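To start, the structure under review is shown below, and the notes come after it.
For clarity, chains are labelled A, B, C, D and E in written order, and residue numbers in each chain start from 1.
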Amino acid sequence: MGALFQFGANDYVLALPITLLTLFAIGILLIDLLLEPERKYLNPVMALVGVAFAIGGVAKIQIFLERTHLPVARGWPALAGTMYFDRFAVYFFYLLLSATAISILISMRYLKTEHENHGEYYSLMLLSVVGMMCIAAGFDIVLIFIGLELMAISTYVLVGFLRRDRRSNEAALKYLLLGAFSSGIFAYGLSLLYGLTGSTNLAQINRSMGMIMAHDAHNPVAIVALLTTITGLLFKVAAVPFHQWAPDAYEGAPTSITGFMSVAVKAAAWAMLLRILLWGLYPMRPIWAPMLVFVSIATMTGANLAALTQNNTKRLLAYSSIAHVGYMLLGLIAGTSNEANADGVKGILIYLLVYTFMNLGAFGVITSLRHRNVIGDELDDLNGLYARAPVEAVLMLIFLLSLAGIPPLAGFWGKYFIFFSLIESGHYVLAALGVLYSVFGLYYYLKMANAMFMGQPEEEGRLPVSWTMRLALALTAFATVFIGVLPERFIDLVNWSLGIAQTSAMARVIR
Amino acid sequence: MFLSHIWLIPLFPAFGAAVMFFFGRKLQKATVSAVCVGTIALAFVMACGAARQYSAWSSTEEHYHRPYQTILYTWLGTDTGHLTYTTHDGTQAPFRADAGFLLDPLSSIWLLFVTGVGLLIHIYSTGYMAHEGGYYRFFGYLNLFMFSMLTLILANNYVLLFVGWEGVGLCSYLLIGFYFHRKSASDAAAKAFIVNRIGDAGFILGMFFIAWYFGSLRFTEVTHLAHSGQFAIGDPIITAATLLLFVGACGKSAQIPLYVWLPDAMEGPTPVSALIHAATMVTAGVYMIARSNALFVLAPKSMLVVAIVGAVTAIFAASIGLVQNDIKRVLAYSTVSQLGYMFLALGVGAFAAGVFHVFTHAFFKALLFLGAGSVIHAMSGEQDMRNMGDLHGRIPTTHWTMFIATLAIAGIFPFAGFFSKDAILWEAYSREGGAYRVLWGVGYVTALMTAFYMFRLMYLTFHGRPRMSHNVEHHIHESPVSMTGPLVALALCAIVAGWLGWPNSLGGVDRFTKFVEPVFQPEARVLQQEGKTEQLVQGVEEEKNTKTEWLLMGLSVAAAFAGWGMAWRSYRHADKGYVEPIAAASAPVYNLLLHKYYVDEGYDYVFTGRRKLGSQRLGVLGMGGACAWIDVKVIDGLVNFVGRFTRVFATLSSWWDKWIIDGIGVNGPAILARMLSYPARLLEWGLVQWYALVMTAGLVGFVFYYVYH
Amino acid sequence: MTPVATPFFFYLLSAIMLIGGVLVITRKNAVHSALALIVTLLAQAAIYLMLYAPFVAGVQIILYAGGIMVLFLFVIMLVNIDRTLKERQFNSQWLVGVVAATVLGGLLIAVYTRGREMFPEHAVGVAEGDNTQRIATMLYGPYMFAFEIASLLLLVAIIGAVVMAKKRI
Amino acid sequence: MDAMLHITTTHYLVLGAMLFLLGVIGVLTRRNVVIVLMSIELILNAVNLNLVAFSRLWGGLHGQVFAIFVITDAAAEAAVGLGILIAFFRNKETVNMDEVNLLKW
Amino acid sequence: MYNHILSIILFTPLVGALLLLFVPKENKDAIRWVANIFALGGFLISLPLVPWFWAQRGEPGFKFIEGAANNWIPSIGAGYYIGIDGISFLLIMLTTLLGWISILSSWTAIENRVKEYYVWFLILQTGMLGVFMALDFFLFFVFWEAMLVPMYLLIGIWGGPRKLYAAIKFFLYTLAGSVLMLLGILFLYFHHHGVTQVYTFAIPELYKTAPQIYSDPAYGPTIATLLFLSFFFAFAIKVPMFPFHTWLPDAHVEAPTAGSVILAGVLLKMGTYGFIRFSLPFFPDVVAHTKVRGWMIALSLVAIIYGALVSLMQKDMKKLVAYSSVSHLGFCTLGIFALNSAGLSGSVLQQINHGISTGALFLIVGILYERRHTREIAEYGGISNVMPVYATITMIMFLSSMGLPLLNGFVGEFTILQGTFMENWRWGAWAVPGVVLAAAYLLWLYQRVFFGTVTNPKNEKLHDLTPREVLTFVPLLILAFWIGLYPKPFFEILEQPVNQLVLNVRGPQSPVNASVQTPGHDVAMNAPAAKESR
């Protein structure tokens, strides 16, 4: 029952990017009303400016973190400890913001073709990013929950943004119902966590959970709390058996949003997963690690096999992204029964980084297939793409190969570090499974490549591609190749974001 | 000067061949013949010179009776010899083969008659092939053959010998298939090459055994080690090696069971048959075994095998020859049978005699073939003796030369054949043991048959009534000088060649044996060590049983005359539809012989599988078919199955979601619901609540597992 | 001896809540369900009062029962078609659904009863006089940022509702 | 009997669990989307019940604050959900779950 | 130049590919010229390597080393680290040569999407060269994988009717093999770190630690064997060894001619190269002391006989040649696992020979295919009458492929056979029939296609080889005769690395490495004469 809590100067600095984004989001809403239809292009421009500003803000945070001499990997608990600004958070900020920028570039032309070119779209995007950043930096389950909902609800709306399109409505409805259901379960789990620990702060939870586990390693209530929470988390990252919303939502959503969801939302969900499992519930690793083994195997199997038979590219990529989640989970499993393997986590972060670019690129190409009366998300729409848009086709090939994990493309590095960590910690069988499934993966990526290079185009004429799209594709392709060929600095970046590369140390630091 | 450049001898014809290969197409026939014959002539001159110089060189004190060898460069392996392998006793031997040449009595004999006969046949061919297409091609091949043959003869190690060995095989393939547009020709060619290859496989293995055992493949070193007495007589490895070498020899020299290619090889132009399939190439096997005599004497078992195979081949081929009607085929089978003789000689340890027979045989058999060629030339391509007859007046030179050759091969004193054949029979007889007597008997009967079928050939061709069609009869004419010349020359050789080996028993000095003696001398030593003095090759103690030898000579000459007589009786007046005495005696035997004991058919059914037995191919082709089937159906089938399985599994997993998960989830209760008389739509896919249910189920599962395990 | 009133009211209210809940998920007519839900919410608000959380109770009544449920009723009126009344109100997987959910619930209850000692019984006396004030200090103190985000959440809800429901923007 | 009479946090938990259970059943079985949304509200209420009970248990107010946030969230979800439902209804003239079946295998 | 020769060779084709991107795709001839110039340039640039390498052929270790062990990705210890020894030197020369030849050969064969074709082909060239040069395991793996993509596209776009199936089969097969290898590599990597506390992928470093796994109580023979297998699959599939060979016929039959040439000439060698460069030195004890060796030999023998038998029955020329290379590669692997210097050097030599002969055979088939658009043997007959030059060249190449002395094939096969035989005469005995069968199926093919009279009217108009086509064969013919007549230089280049390898595998105490004693009983019978004769 202390005095009123005061904001410190630091808190303003640290909250800067979020604030900026919010301002721009609202700004877009207001300005959109004044814009006559042909000037609508100012909305995305503003959104981009907003993102740029936000990035600037993040840079400021980074500088702040570097300046103030903190012990390595120890972040800065801000806003009364509800948020925890550390390099991990900064890393994800950068990731999310760049993903958003690219998604905006991809969206511009697409929305025009869909005749849904409204400011709301962009402001919702920015607001969902605000939610994501709250998750990434959130250190208090209340804030995490609210951030999650902010992200989720804006995404529901975005998925259903093509209101005249039934598939879009349906996707939105399904996504919303399941999302709400899962967040209900998640909230239930959080409430139990609170009940067990009496606190909503992750550090506090970590400490108390440590004590509880020390006292009774099989405490049923704790287990239920953990499982319900993880259910919510796994739902958000779309892991089997909590994945089924993904294909439907991905297929029905506007293609640009599908891309956005598949990278930004997923990255945020992963940030949350890592935060909660590695910071909050780290003491319960002996319980969640085996569970994840099951989940990841099921995920790889189910997703890879299901993807083999898809004929809708968006759906196919949805399953492929589920499969990728399976691989990433392996990274979390690596390590001993009660200590995670640093390289595994490193692998996950790199995976998210490269995945952002290659998957956005792939979705960008698919988005560019949408014109006049072609939806362009069927496998046949790719036929003979090389004849109609050679550059796009080659870039798409790069993205696909990268997704399949062929060196020297970025995608390889994600897998590399995952398997690296598995071998390091002696999970040979899992590693073997993983690599074999990645061969599976190649098959359905090649199906798309075949269509592009060896199929006959249904319609003549070059595919019109807007310059923003070109820009987006150029960026993503460049990143995919560059990271693939010269990964060193990015590995350093990840190492930096993890501070000292021992997750246990991470956990210890917070105690 | 000659001696130190023996390596040039093969290179002359090689040069000729190269010229033909690159420019032949544009050259005049005259130029072609000039180049090719010229190169051979050069080679011949070189050869004579080298032989003379060698005899001088080897009679000097310091290299008394030593082979002369000169090494150009290391062909396989390196000079340092660090590429090694482990020999049988664990020591390291360098993997190496020289491009090196060796001259000793044995090779000089081959050198002489190969270049000599080769030269004559080249000259003959200029006439014979004058009107054929692909003139330059023919002479290119011939020169290539000479190159390979000379390499084979002059090689100083087994590998280089093998080079020549394969080379002559290739050339015989090319030359047999010279008329490649004739299917029969190309078939025969392929057959010849592949059968030879089978022999070569044996040869290679034999080489490897030698290399493994002696750590080297140089003749000098191998021989030296073999004589060093550190290997017991009858050593199994050496026996195996020698037997494998003999397999190779069987292939090249057309012995049972690999003789089948030689008769078919008659598809080639006649000079080819004369040069390759009578005089030179087919004797390569004999050469190789004579070359490795040091090993063979260490393996009595192999010797016996060689002798038996030789004898059997001799009589077997001869019996087939009795009834053949194609003039060249008769000669072919006679060649096979004569080769059998030679192997018999080698087998009984009479290397000198065997070599001697090779020497004489080269002349008269070449002569016979060339004569036959001349006959065919005159008969404008007709080869069937049933359509000949009464040619003696029309082509006298051919007739008389061939007659001499016949006398020679029949072994009638004092023609070449008599001395060599008699030497062989005598050696066979004079060996201890009943087996050898049997061998002698076989040889003797063969001699009889030989005389018969040769004179049969003579009578059917040159005497009796003319049986050819009229327009053929019109064109009959004696061949040009370019062809008759060689005939005459060879005829002379066929007479005198034998005198080189005039046996001591007839007051001669047997120069020939004395000349080659050094090569085989060491065996004599070995045999002496074994205390088998009486089996010495050179007649140490003829005095003791000159009588026997005379008796044998008489017998064989008698046999020859007997054969002559029989032929004279049955074919003197042969007219259209004359009767074969054997057919008259017993038809089935006749048919059996006429169809060559159905061996080719048997091979095609059993080994090659070119003919189906019922509906089933056996042999190699059968296996090939089986493997191809396995490859497509089983192995690749497995691969595709895995692929298909995954696809099926994938569809299954989607099906799983569709039917089982949604199904049991949806239908199961729906069925229940029906029981509860609920109206229920059957299939509902993509039902949101179904997804929710799966999530719940998952959660339940985990909770249950963790709380109650 | 323990006070009798507390258990009595507890069980009474729980009974009302559960019955309300059951009605919510079983009524064919959505309007009835909504009304039943309101009843449940009110009963729950009462239970909040029993737990010394008057402010939450107030929010529950005003915001939930007052706001959200009205929204629900509007929408029900908007989309209410008689067709739904004629059809069955359960989908074809209801049996499995019920079973799964029941198992889950059963497990939870079992776990709670087993882990009873996790929650020791020392009802810390909480004065409810300044409850509202203290909640305010919490909201504008440590949870200030979350509070702002929550406002954004509502903003998004508004935008979303408008975008989705409005015919043309 | 004492356990029955003596109302502890566990009682509230069990009550919440039952409410949760009802909500889940509703979500899993009802065809009418509106009612499914209501069932989700039930679930959230179960959460709130827990939270308030726990905050009573721990004596802090975090639970109650959390509950307030959850209510906010419930409001937002309901609003957006109903909005989407209306949009859907406009296109498809139905609010039945099992007619939301355009996207499927 | 001298110090960076390898990099120059490696990147010349890539530069060409990049340049091609700027040539307008309509201007086909320009594209062809550029591509050919760069291919030829790549070959010419690699020529200076010959004298330079020859000068130091005897010295141990890798030569022309560039880069460092960890200058690429220091944090994981991967580097751009390349260098060659005798074995890779020969294979590199083969690659540059064949690359040029196959690009030259596809001048008229490729008509559609010319630009892409050459771009992919040049990229492929770089990939292959990289595989042979890499001294860093990571670099190796990158090249190894990256090279699949262009090959896949070459088959898939310019291939025959079943190209999709073939392409995907090829890609999946090889990838499935190599991913397991990745795990193996990582294992070695960690083991090396465990021993030396250094993270590095440098192959020379790993040479030092990897062999210890076998005797290390922590792992032991079983793990070592498993590791060997994890590499084995990658290489065996690439070679391909017996049960894993079925991708080969499909890939070959569907691929365009040049593709087949490169596939047979170079790609298959990567498998054998992998065995020589990695499997043997990494797991010497596994190879030498466990059943593994027996299995390898057995598989090789089966491949030899089996491949030959199957090709005997093929009706499609290209398939026949494809299966024949299964048989030939069987010889190569046989020589490798003979584990003595004769066998190994023979194996490498035979790899070169196979590149030359089989490459030529595919060109030969391609030439007929280009004229008649069928590869059915039954469609032909009597070709000698219409295309004599072609027939001659074909005959020579067939002979070299069936191992006729004085041509390259014999040298390799004989060396391998002798090496194997000396290890165990049964192995040699089983391998020899392969030689006979080779003669059988090749001669039979020759007879059916070239001999006889022209039966099929379509064949009467066939025109003989154009100068360009002849040009493609000339270097191959020259090499065939060179290796056949004077292989000593090759043996001398191979001597040092091969003996080093044998030393690594067999260990110094084994008899193989006892000081080589040339048989002292070589009484040069004309010892004095020998002098005068020289």
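Details
Everything that follows uses one rule, which is that contacts are C-beta pairs under 8 Å (C-beta built on N, C-alpha and C of every residue); 3 or more make two chains touch, one makes a residue touch a chain.
A quick note: this is a predicted structure, and the numbers were derived from the prediction, not measured.
Both subunit A and subunit C are touched by B, D. Within the contact network of the assembly, the step distance from subunit C to subunit E comes to 2.
Pairs C-D and B-C differ in how many C-beta pairs touch across them, and the larger number is found at C-D. The chain occupying the central position, as judged from C-alpha centroids, is E. Between the CA-based centres of subunit A and subunit D the separation comes to 27 Å, rounded to the whole angstrom. Separation between the centroids of subunit B and subunit D, computed from CA atoms only, is 96 Å.
Taking each chain's centre as the mean of its C-alpha atoms, subunit A lies 77 Å from subunit B. Once the centre of each chain is set as its mean CA position, subunit B and subunit E turn out to be 35 Å apart. Residue positions 9, 13, 20, 23-24, 27-29, 36-37, 53, 57-58, 62, 65, 69, 72-73, 76-77, 80, 83-85, 87, 90, 97-98, 100, 102-104 of subunit D are each in touch with at least two other chains. Within subunit B, the positions touching two or more other chains are listed as 654, 657, 681, 684, 686-690, 692-693, 696-697, 699, 703, 707.
With touch defined as above, residues shared between interfaces to two or more other chains in subunit A number as follows: 142, 146, 149, 153, 156-157, 160, 163, 172-174, 177, 181, 185, 195, 220, 223-224, 248. Listed by label, the pairs of touching chains are A-B, A-C, A-D, A-E, B-C, B-D, B-E, C-D. Across the interface of their complex, subunit B is touched by residues 24, 27-29, 36, 97-98, 100-105 of subunit D. The touching residues of subunit B, when paired with subunit E in their complex, are 3-4, 21, 57, 62-63, 66-71, 73-87, 90-95, 159, 162-163, 166-167, 170, 173, 177, 180-181, 183, 186-187, 189-190, 193-194, 197-198, 200-201, 204-205, 208-209, 211-212, 214-216, 218, 220-221, 224-225, 228, 620-621, 623-628, 631, 635-636, 639. Every residue of subunit A that touches subunit D in the complex is listed here, in rising order: 141-142, 145-146, 149, 153, 156-157, 160, 163-164, 166-167, 169-174, 176-177, 180-181, 183-185, 187-188, 190-192, 194-195, 198-200, 247-248, 251-252.
Looking at the complex, you find that subunit B touches subunit A at residues 646-647, 649-651, 653-654, 657, 686, 688, 690-692, 694-695, 697-699, 702-703, 706-707. Listed in rising order, the residues of subunit B touching subunit D in the complex are 654, 657-658, 681, 684-689, 692-693, 696.
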